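Next come two complexes built around chain A: one with chain B, the other with chain C.
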Partner chain A sequence: MYKLRWYHLLMISPVQLLLIGFIFIPSIYVLWLSLHQSSYGTETIYVGLANYIFIFADPIFWRAFWNTFVVVNIVVYGELILGIGLALLIAGWCPGKRLVISILLMPYAVTEVSAVVMWRFMLEPDVGLINWLLDSVGAGQISWATSRWQALGVVSVLSIWLTLPFTFLILYSAVTTLPRDVVEAATVDGATRFQTFWNVTLPMIMPAVLVALLFRYIFAMRLFSEVWLLTEGGPARLTEVLAVYLYRHGFRYQEFGVAAATGWVMVALSLLIALYYLYQMYRRMFRDA
Partner chain B sequence: MLRLSAREKAVRLCLIGLALLWSGFPIYLVVASSFKPPREIFEVPPSLFFQPTFDNYRELFRVWPEFSHNLLNSLIVTIGATLLCITSSALAGYVYSRCRSSLLTGSAFFMLFVRMLPPIIITLPLFPVVNEFGLNDTYVILILLYATFFVSLSTWIMKAFIDDIPRELEEAAFIDGATVLQTLRKVVLPLAVHGIVAASIFVFVFSWNEFIFALIFTTRDAKTAPLVISEILGTVEGVDWGMLFAAATIQLVPITIFVIAVQKYVVAGLTAGGVKN
Partner chain C sequence: MKTTLSGKLTTLLASGAVLMLLGTWTVQAQESLTVMGHAVHQSVSTEGEGGNIVAEFEEANNASVEWLTFGVTPLHERLFREASLDDGNVDVAFLLNRFANENVANLFEPLDAYQERDPIPEFEGISAGMKEAMTFDGKLYGIPFRHATHGLHYNETFLAEQGLDGPPKSFEEFIEYAEKLTYEREDGTQVHGFVLGGQGPANIMDVIWASGGDFLTPDFELKASEPGMVEGVALLADFYERGIMPEAYIGFTTEDVITFMQQGRVAMSINPFGRHTPFNDPEKSKHPGEINVTAMPLSDASGVAGVAPVKTEIWALAIPRNAPNKELAWQFIKALSTPDATVRAAINGNGPVRPSAYDDPRVQELVPYADAEKLAVEVAKVPLPGFADSAKVDDMVKEEVQAALLGAKTPQQAMDDLTRRVEPLLPK
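And now, the complex of A and B:
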């Protein structure tokens, strides 16, 4: 290892300056902003915790909170289950594996905007393919434009579609590095498939599962575009999630203090989820140092 | 390898088929529909065989003539952000790989920590500042923001790849009197090309597809393609869907081909950037 010299610090400074200038300082400023009443053309005044009291007393905030909670959990666990299943499926006997993985990866390249285009097209009333299929088997139609839970369901499916490639890849690379003889030994010893999976495979891929889970939790919480482009949080703000609540108050109603308070609630939730991971990293890094 | 019965193979094939349908069909549907005559777009079940036409594309550039400009904006911003992100991450990744000190450890931890913060919150304070500096609706602000949100991951990936390069090579260069930047450029980075590719993909795909920052920080000149597709989506009724599909197809086909072409680096990058550490 080399001794740290001044030019080494110079070399890490572009990265650190970007992070400090565009994420760290703005975030601290948002904390300050959340304690003030602020809008265009009016004086910014200190109001203490009034913005937090306002959002915690606002039923629309709580609806956005629970909408986020429900969607995030459906997305994260749905993706995890599908991801593990898919990883095991593709890691086994699979003709044309490279091509199959390429196709499974494709949604990763699609912007949220086009994903909304695709799913809205398939879910148009009467003429959308999915609604037409559901209707012709007598199951009724999905009315995402009017029903809160159906809209959130569509948002969840859309988000899973977009990010399943990420979860799948992490889990797939974990599954392919498993020592095969261990898994085969369990099977030869007469373990059922499920026993092998539960007692052998799953514990061995657990580190990857945790990484996927953690990152997906933190990133899923940021959910914005899918909701904004599908329903704008409507009808009557029924389908808002936290980021949409923030955007609406910040950029539509110009209530920067309220938006900032919402922002810090999101920060607190993200850090709460990340705490375990950050603690592990902290220990490992400072032990090495 | 355990032997599979014919029945099991059939089940597996069905499941694989379902998975392919799930990820590929929505994309296929939009791309195929962009070549259909407008009145055939809403036929259910969708026609598999049709006379392909470019009517929707002609219509797109008639109604939204600035779309080609928006695509160019996307390309410029994407390349700019990728260059900025990779250059700064390569410099930092080298230092994190080769040096140890508690200051570095602390700053590495800071990098991870900051990355956990949700991007949307920074738009609130940045919006007035960006206006103040006249950066609203410019490439510069998008390039800076897109690069910032990927320097942590990219630095991590670069560090992991540089870790695998033996240090003897650099030391020979140092003995010959090369500076650290010369060594990095001539000795280390040429050997870390796979890392550079792996790190580039994530910021490249993100910048090409990003929506929120573009929505907030661009108004006319610097608008990117995803933002304009969302505007087209906001106006569609009936037959207009054709141009929407045309726009979406132009935006997504190149990036999809790119992702498929660099597939193995995506895996390598994810492994280096997340699971290994």
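And now, the complex of A and C:
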């Protein structure tokens, strides 16, 4: 067993200082701000929990909350299913493996702004390629500008397209390092492909799955650009997500207290999710190992 | 005497060092001035047939102007953040009346004392209404520099194709035009009769005013539920339902309107007069030279022929309280506010804040829409008075108008809901 010595602490101190300086102290400041009424050119006034009471009583906040809940879950689990499928497919038999992987990674190099502009153009009702194709096969058009759920659907697809490479890379590296003899033993024992996947492959890549889920949940919770650039939360604020709600109150209405309170609600939600997945990772990797 | 190679090198290096020092001294002697604004402010004061007004200021004051340009909303977000700091870097800022209110005014210098000490020539020639929009608690916080006043832009080719002779002469005729101009061209292009840039007060008030309605008066009288506003919203909902306005209009940005006009997918739009230039830009537009602009016509119901009140917005030059170089900043404001600078900026595409600029022969010759814009400016109004919650009210109008366009509420219901939501936010 290693004994913790002073030089161990010294060596980890730069990272700890960075975390304290760039995450802990600003978080405490935001917490303090969330208990105040603050705007440009006015005095900051202590208001206790009034900002939290305001957002919890605001129906638009709850709509943003549920929109975030729906989109984040579609994006995270959609990416996970696609990521596992693609990782297994490419790790198995796949001609032109390197080319396919390069193509899969491409969207990660595209900026969110360019991606949204591109998708917006492809989905334009009059001249968009996707809407034209859907229309020509009689499937109708995607009315992302006027329908709440169709707009959120487009946001989900766009977000999956943009960030799938992240999940794919984590899962692909896990799949390619699986011990072949265990998988072969399952096949020799007569397991079907699905049984092998469900009982052998999936449990073995589960730590990587949990890492991917954890990161993607936290990143997806901050979803902003896709919604802001596609619909600005409209029509009638029906497609607003929590980050857009925060932005609107902070930068458009200059209500920093309300924005800070929203930020802390988002932090609390992320912490709850992270705690669950971190516990699962700890259980699988250490306690039950 | 024999000069060695190392000797030559030493002389060369020494000369270089002296030159560098001299260069540094010259640069240091120049005062630097940071100006934060929109790209259009930079272009109208530095490019075009009106000449470079800023270069002349730089030369006269031995100063170097550094421009920081952003889109409208990011510009104000950044400006207010910068102006809130203890030490600032911005000397002069362009402030839009829509973003100015009594709280934000605290971040800027009152300019009355500057004007008294070192006055802008012929200050009374600047529109009194525009100065009023930048006055809070009796103090002037911004010198108007540019107005963006709306006119009715129309594609002459499409009018001819539909057998329409000249622009509409009344608001009722405008509605007929919008219907007739919604058609499919021979090449298969779907043309929409009309479009606006969005659903907020800045975009819809022209139609509301032309319908005889109003939303919020300068003394904060709310008129959203009254017949004029409801009829205007009903007209927009009808246009949207019948495809006179494109389906994507509900999520339109300014750039979308410009693109639609340039691509010939919309026949008429209400936009600032200055958009005449990008709409007819031969490099970007499929219809260069075919898009004209006129003042929005009055309704027949008014009983007189004339132009309807339209939206105007005012950009003013302001000095942040934490500006490092306030005196030079005032000199910059002065340089951009003289009668001659106003005319020259107008020639470069600016909306002149001195009505007399429209009568200048240079403007008459080089700005094709000068007469129409002059008529519009005389009756133009700001869509929303500046107050602390104006951004919230702006969003509420958008939400309720969108609800009416999508058929989720009747126009009357939407405007009744709007009244209920807006009333508590208005200054008492």
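The definition used in the following text is that the second predicted complex is superposed on the first by the 252 of 289 C-alpha atoms of A that agree within 3 Å, B and C clash if a C-alpha of one lies under 4 Å from a C-alpha of the other, contacts with A are read in each partner's own complex, and residues count from 1 in each chain.
Everything that follows uses one rule, which is that a residue touches a chain if its C-beta (ideal position, glycine included) is under 8 Å from a C-beta of that chain, and two chains touch if they have at least 3 such contacts.
Quick caveat: nothing in here was measured; it's all calculated off a predicted structure.
In the superposition on chain A, contact of A:Leu89 is made with chain B only, not with chain C.
In the superposed model, A:Pro235 lies in contact with chain C only, and not with chain B.
By the touch criterion stated above, A:Phe251 is placed in contact with chain B and with chain C alike. Taking chain A as the reference chain, the count of touched residues is higher for B when chain B and chain C are set side by side.
Overlap of the chain B and chain C contact sets on chain A: residues 124, 251. Partner chain C is touched in their complex by these residues of chain A: 39-42, 124-126, 143-146, 230-232, 234-237, 248, 251-254. Contact residues of chain A toward chain B in the complex are 1-4, 7-9, 11-12, 14-16, 18-19, 21-24, 26-27, 29-30, 33, 86, 89-90, 92-95, 98, 100-122, 124, 127-129, 132, 161, 164-166, 169-170, 172-174, 184, 187, 207-208, 211, 215, 218, 221-222, 224-225, 229, 243, 246-247, 250-251, 256, 259-260, 263-264, 266-267, 270-271, 274, 278, 281-282, 285-286, 288-289.
In the complex of the two chains, the chain B residues touching chain A come out as 2, 4, 9, 12-13, 15-16, 19-20, 22-24, 26-27, 29-30, 33, 42, 44-46, 87-89, 91-92, 94-96, 98-105, 107-114, 116-127, 144-145, 147-149, 151-152, 155, 180, 205, 208-212, 216, 226-227, 229-230, 233, 241, 244-245, 248, 251-252, 255-256, 258-260, 263, 266-267, 270-271, 274-275.
Within the complex formed with chain A, the residues of chain C that make contact are 73, 77, 80, 83-84, 103-107, 190, 246-251, 265, 388-389, 391-392, 395, 398-400, 402-403, 405-406, 408.
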